[in-house]
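What follows is a short report on a single structure.
Letters A, B, C and D name the chains as they come in the text, with residue numbers starting at 1 for each one.
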Amino acid sequence: MNGTEWPGGANCAASFTFDVDGEAAALAADPRTARSLSVMTHQAYGPQVGVRRLLRILERARIRSTFFIPGFTADLHPTTVRDIAAAGHEIAHHGYHHVKPTGLSLAEQAEQLDRGTDALERLTGQRPVGYRAPMWDLSWEMPGLLAERGFHYDSSLMDDDAPYLLSPGPEADETPIVEIPIQWALDDWEQYCYLPDVTELGPIQTPQHAIELWRAELEGMRRFGGCWVLTNHPFLSGRPGRAAALEALISEVSAMPDIWIASLNEIAEHTKLGGTTPRQIMPLNHHLK
Amino acid sequence: MNGTEWPGGANCAASFTFDVDGEAAALAADPRTARSLSVMTHQAYGPQVGVRRLLRILERARIRSTFFIPGFTADLHPTTVRDIAAAGHEIAHHGYHHVKPTGLSLAEQAEQLDRGTDALERLTGQRPVGYRAPMWDLSWEMPGLLAERGFHYDSSLMDDDAPYLLSPGPEADETPIVEIPIQWALDDWEQYCYLPDVTELGPIQTPQHAIELWRAELEGMRRFGGCWVLTNHPFLSGRPGRAAALEALISEVSAMPDIWIASLNEIAEHTKLGGTTPRQIMPLNHHLK
Amino acid sequence: MNGTEWPGGANCAASFTFDVDGEAAALAADPRTARSLSVMTHQAYGPQVGVRRLLRILERARIRSTFFIPGFTADLHPTTVRDIAAAGHEIAHHGYHHVKPTGLSLAEQAEQLDRGTDALERLTGQRPVGYRAPMWDLSWEMPGLLAERGFHYDSSLMDDDAPYLLSPGPEADETPIVEIPIQWALDDWEQYCYLPDVTELGPIQTPQHAIELWRAELEGMRRFGGCWVLTNHPFLSGRPGRAAALEALISEVSAMPDIWIASLNEIAEHTKLGGTTPRQIMPLNHHLK
Amino acid sequence: MNGTEWPGGANCAASFTFDVDGEAAALAADPRTARSLSVMTHQAYGPQVGVRRLLRILERARIRSTFFIPGFTADLHPTTVRDIAAAGHEIAHHGYHHVKPTGLSLAEQAEQLDRGTDALERLTGQRPVGYRAPMWDLSWEMPGLLAERGFHYDSSLMDDDAPYLLSPGPEADETPIVEIPIQWALDDWEQYCYLPDVTELGPIQTPQHAIELWRAELEGMRRFGGCWVLTNHPFLSGRPGRAAALEALISEVSAMPDIWIASLNEIAEHTKLGGTTPRQIMPLNHHLK
């Protein structure tokens, strides 16, 4: 996509977002990981250590960012959530138990959504306006659930380079939500995560490799236009060497005059102002044979 | 292979081909992906966004190319197919549902073939003359089916560096088809694709890594001779950073005086003129024990 | 974590540790590997060849280190264990059969622990004071078992950058143990190990890649503070090219004036002196739904 | 290992060996691959195209090498075997159907061995003297079977850096065989092979990466001593870009004055002259619990 007009005439927007999965991600992938203190601490590193380091980095760079937090993680680590909010960042919704919406019934999806909202609101006093599906696996029904509840945006789809308005369905009379697309190449999970019996990814890449990958996409978007949404997980990118590399990248991007750095709710607000025609979700009714 | 004489005395031929898999590839790998809006949009990025960017790149480079499109994808994204054809590129056959021929009966293979041909012909007014098997998994029976239907070439086999004539079988009285071989190292899928529960590849490589891999093989073919057939998927290589890297590679190859850049149907026509003796397909009747 | 004060005012501590898995690791992963002389010799390379080369490297660098050895491996390769001890290094506990504690009952965990201690004590005359869980998969019960038996430290958890005191539980009246955290990015297994049907990791990375990864984390810890605990497996990093690269890294780290290089028992002793409040282990009683 | 004395006072020996797996490797991994013309041609590339290119490279470098060929592949591609032999290289045994010995009974192992020997002898007029286990998975019984049949050496084990004499067992009165160890890091399979449903390795590495890996180990062996045995598969490293990179490496190694380049039977002969005490194979009778 190009043609999107960004504030200040920027060529593209950029957002440094964080998915604070914590223990929930491992437990949802395999409940037996509850038996493993090693796995639980691997995940706890994020909310306990990584987030604090990343908050200081964002503070030094004077960047406002968006943190997606599962309700379960918020309940386990309330101080972490309050610290993020106190630093002025956006707290957004990432499910309750970090389970994929696509594996749930409509009622279960609604229950995960409401339970997650309650957990975040209890801690911050504010209802989240943004949502990202656990495992980046959004269902066809979720946009409707989000619109009904007054969410402003989702950030889980992959079919464009820039945000757009999304209408939950032909019969919906809800306000459309904004979709802010993501992509697997702008995720630290793929580059850094190794956890036997949970994810079989690997070998673990160097911070240099991850940065090179993310910078290549940013350079492409500076040329072609788009909205570069990077996702880091504090249990991964909060580690010293990766955090240092991320801080260097943030400095580099901050110095680019043609980039608008913003949190996702700011990008969503800007997109709504653009006033384009909403796209309709059209469930795929074709069959394989 | 060497000994092939290319137009203008080139050392090797080169073709930049595209497999426009779209949603079909994920649905064929696992029908449950239909539940996931994230996965469907990940795939839709190709026909909706990637193809348009790649078409502009090919136009700037003044290169004619070949796009393999499953019939199902063509039916879902008719405008994309018409745009590709209107830009002067070859539209070729890539199955209907993007299912592997090797898992189908002979009748099912024929049905997929005819249904795919109909879909493409309906949109472009022309019957495709080239075929590439979904998942690059050609069956022993398919060359015969292709020859009976008047296809000029297939591009799914891996046993040579340059095209050759292929006769479907000893009892066949059909005209031989041309085989234009491919190889896994000249595919962006292997370098860029990550899609949980669909393909477990990863970590995602940088565009620099992919280009280095593809250039190494091109340099080898400039020395030893051959036909360098690169395959990119618009849902992967249509992304800004990768598209920019691919455009740089195309410029580089275009400036090489000893390379003949062509679409696959042009390469097939040239191969037929060469008039070498067709090879016979000989099904492997040996048993393991 | 920062705030830890290291001897000599160092910014961070560093320890070069070794897990001498040997045949036990393959047999525990899949008992059928006992049928394969190739797999058994792949593992035996560590205690038979790799350890000797690594001991000479440590001697040249004048570094004291920690070797974690499963009791089964010690019983199979007694001379290797005696050579390590004779060179002045710490011999630490790595289970008996290299089975994950998380898959065992409490009684089985205790049995593995005691059997491993006996094997090491028989060979060295000393009871080990340090423990690392096989497959880095510590159970919730193990810290209590370790404290009861007088172990000084564990090195299997992942929730901090620096050591801390760990209390096995609210009702425990045992002395807390020290936890010296590890992380997957500081492990040669992930970078170098490929063994069909045992681990499907790969492709095997170059020594340059592994060193770059480990150095990036060390540089991060020099900046942010922490305790850099590298783990090498002699069956992997004892190979000539990798051992040469490790020796170069050891030289490089030894020349850094702000790093305190020590064995893990020395780090544990230093941590105890720090006198911080022990953290309590709190088993995760939350349920997924 | 060091202490081995090589001809001409070389620091280490080097051998460029080839496993000409062909179709047999895919069929043994999964018999259903017989349905796939794409997979069969992927494998046939080795004996049909790759071997010829590699033979010319070896000829230009004036190097004698060793080719391990399954009997099934020899029967399918007799001309290829005769060409290799005619070029003066050693033809060695690689099983008949490329099935792992560790999955077979003693009688089945003997049958595979004899059938493979017959196939090679029929084509070359000579019985092979060297053996390498398919999938590098040697059984405990195979050394005895090899010794009984007068084989001079095996090259499938991984517990040393240099060759040694191996005695098949305490009760054996056979002449010991020579073992010439290999290792996974000196194999192009790990770096280059990707074949869906057969091997899930990947992403495919660049020739530069593979060469860097292999060179690192050679440099280590130049320093510490050893016998560098590289294995390439013609269906992988016979491809133009990889063959060019391999030829450059061969030139580089040929110019090193401290390396003795030889075929494996030459290395085996040299090892026998050394007259060291044979090691005894001692099956692992320990149990896991």
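Basically, a contact is a pair of C-beta atoms (placed from the backbone, for glycine too) under 8 Å apart; a residue touches a chain by one contact, two chains touch by 3 or more.
The model shown is predicted, which means the values in this text are computed figures rather than measured ones.
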Most remote chain, CA-based centroid, reference being chain D: A
Numbering shared by both copies at the chain B-chain A contact, with half separating same from different: different
Mean-CA-position distance for chain D and chain B (Å): 35
Length of the line joining the C-alpha centres of chain B and chain C, rounded to whole Å: 49
Shared-contact residues (touching 2 or more other chains) in chain A: 200, 202-203, 205
Chain-level touch network, classified as line, ring, star, complete or other: ring
Contact footprint of chain B on chain D as seen in their complex: 23, 27-28, 31, 34-42, 44-45, 48-49, 53, 72, 75-76, 97, 99, 192, 194-196, 200, 202-208, 239-245
Chain B-facing residues of chain A, complex: 1, 102, 133, 135-140, 142-143, 156-161, 181, 183-185, 190-191, 200-203, 205, 209, 212-213, 216-221, 223-224, 226, 281, 284, 286, 288-289
